[in-house]
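Across the two complexes that follow, chain A remains constant while its partner is chain B and subsequently chain C.
Now for the complex of A and B:
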């Protein structure tokens, strides 16, 4: 199975494709054979003795034995620990309801901000943008957000100030922006200075020195979603020349 | 339909009248004042008999020297050691078994919350209930040790079958309060995300036989003689 998975790395897989133990994977009588362990990531699922593909996408491989399917989607499914940008919709008593683009709204307690106590409430209004992370996120319970980390510090989270622009992109672009040596980010840095908040629910908030530059950034990011690296660099170069 | 014998008492459903069932508790059908011809259940307000002929039991009340029914159902006349029979009105033919404080109940989890889990009580002991009573298992009643570190998501999930014990009947509006803070109480049957029934590994984990993924539950330690292969 390991060999068949490795062969198809980089190929597009569809849900319903399966990998099973083949005849070549028999145990040789000559020497000791160690069974190779395969670690399934997102998009792959084990069912009995077969490996099923559940998402359509490209099969990726990471040494030594990790396989997963890279898929594109725009609908965000909350997961614990991920930071997202949400919009406060309801302020009722001690709890805010935040819309992050999922199937239901998440709850955010007013005590979950840095330095907030029962007397000292945070200044959050309906319609504010909040950058927070998930404390509880599963399919059986209502998701819960917090704006502090485990030690009680904000760490960049909290209410996002005014003046910027919020726009949505696909989840794949967000992951590419957040990866350690992101090409998209380095290309963007060469354009003009801007402030960018990246939420893993596909929402980005950008703020540059002028409104025009902010709009240019948002248009660029939304359009470079489906471009190859070369097309993207060509586009950025054109914009840089036009702006200067 | 007529009773199977030649006695002329008419019932709505297939039943036996008092004269044909000598061994069981006799159900005596008394015609209500309102409808003599057609058989019917008793309604609240129907006059049963005068107070001199019988002692009122449950489901009836005394007014102006007559016994009236206060429930909708069947009449039950019991001849006990005293001179007069005890007359009562019951809603169902069988007496409903209610969960009492200290009873072990089998329930199904309907929804979970960071603070508690809501359940439907299905069985009391080994008798199934006709209606589903609602119960609540609070976060601090899930285990006996480390009560404040309990995560409801790691103890129960919706759809699990749980053995619990009743600790309180609750108020008018609240549900039965249940606890699983014992080794023999907790999740008995659970299904994994893939849909297969999971096998318990230890007191806090269960494993799916199909995908071999482990999930957290508060598992009940069932005695080996009760487990079916």
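Now for the complex of A and C:
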């Protein structure tokens, strides 16, 4: 199965395609036998001894044995460990309810902030933006967010200050921004300095030195979603030349 | 234009599809077969009202809007057909207590409308990135007074025929998922239509045309 997955890497797959153990998979009696392990990412599901494709997209591979389907989506489905930007909607007792754009609201305890105790409560109001990560995120339970990491430090998470702009883009653009050598991010760095918070639920928060620059950045990111790399570089160059 | 097919050839009208054309829905598609054209929008998985939520799977709602006027009983029965097909191919158990909404807007009706709704629905669900176990497509056949079978009939051909049948077929095993028939026909003619659909379906599902 590993070989059939490897040879279809880079191809477009549709729901209904499947991979199964072929009859020609032989075990050599001569050398040591290592069971081949395949790690399935998003878009692939295991059903018995077959691997089914459930989303349409391009099959990707990462060494040594990780496979997933790269698909485009606008709606966010929560996953454990992902950092998102949420909006506080309800403040009831010990728990805040946060809207992150999913099918239900997540809960955020007031003790899940750095340095907060029962006497020292964090300063969070309804309507504030919080940058937090998922502690519990599966289909059966209510999602739960925290603003601290495993060792109790904030690590960049918490309430986002005022003066910036929150806007939505597709999930694909967010993943491209967060990838290690992101071209979009390096093109953006050449324009003007700005502060950018990237939430994996498709929400971005940007703040530049003037309101006009903030609006330019938000418009650029929303429009470069569907552009090719060349069109995007041409657009950024045009903006940099006519810069204000 | 449409040709009356002989015993072994199947002709479909020119069909076309465009995805991601609307900015607000999570997935959208427009599908046209000849002059028949439908616009579909998919939302989900989103919040659901407590009265409509199902504890172990997503709630799928299909709304069909006609070109003029309010939806009537005919649209309700078409919604039922589309919803049953979608529920059979979507993996609803991955999103319990959520809602998936599919809105189909009729742009122009020139025959084979139910199969156009099915095709647009499948394209919109794919564009929204919802997990599916298989793709599906819709095909319409009409039997005219002489007993000839016409695939993908226009409105004029549907009116002159004595039976109109629509089938939804899945992409993996090429079996019938849903059938909706109108008029009088024999069992033999039904089996002939199902044999005809295999040809038209393999053409719709081929990635190279």
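Definition applied: the second predicted complex is superposed on the first by the 215 of 244 C-alpha atoms of A that agree within 3 Å, B and C clash if a C-alpha of one lies under 4 Å from a C-alpha of the other, contacts with A are read in each partner's own complex, and residues count from 1 in each chain.
Assume a residue touches a chain if its C-beta (ideal position, glycine included) is under 8 Å from a C-beta of that chain, and two chains touch if they have at least 3 such contacts.
Since the model is a prediction, treat every value here as computed from it, not as a measurement.
Superposition of the two structures on chain A leaves chain B and chain C fitting side by side, clash-free. Of the two partner chains, chain C is the only one touched by A:55; chain B is not.
Of the two partner chains placed around the shared chain by superposition, chain C is the only one that A:14 touches, whereas chain B remains out of contact. When the shared chain is aligned, no partner comes close enough to touch A:239: not chain B, not chain C. With both structures placed on the common chain, the touch criterion links A:74 to chain C but leaves chain B unconnected. Ranking chain B and chain C by residues of chain A touched puts C first.
Angle at chain A between chain B and chain C, computed from CA centres in the superposed arrangement: 70 degrees, to the nearest 10.
By the touch criterion stated above, A:146 is placed in contact with neither chain B nor chain C.
The minimum CA-CA separation between chain B and chain C in the overlaid arrangement is 8 Å, rounded to the whole angstrom. Residues 45, 140 of chain A touch chain B in one complex and chain C in the other. By the touch rule above, chain A contacts chain C in their complex via residues 12, 14-16, 18, 45, 52, 54-56, 71-75, 77, 102-104, 139-140, 226.
Chain contact summary for the complex, chain C toward chain A: residues 20, 26-27, 43-48, 89, 91, 94-99, 126, 128-129, 131-135, 170-172, 207. Here chain B touches chain A in the complex through residues 111-114, 152-153, 157-158, 194, 210-212, going by the rule given at the top.
Within the complex formed with chain B, the chain A residues making contact are 45-48, 136, 138, 140-142, 144.
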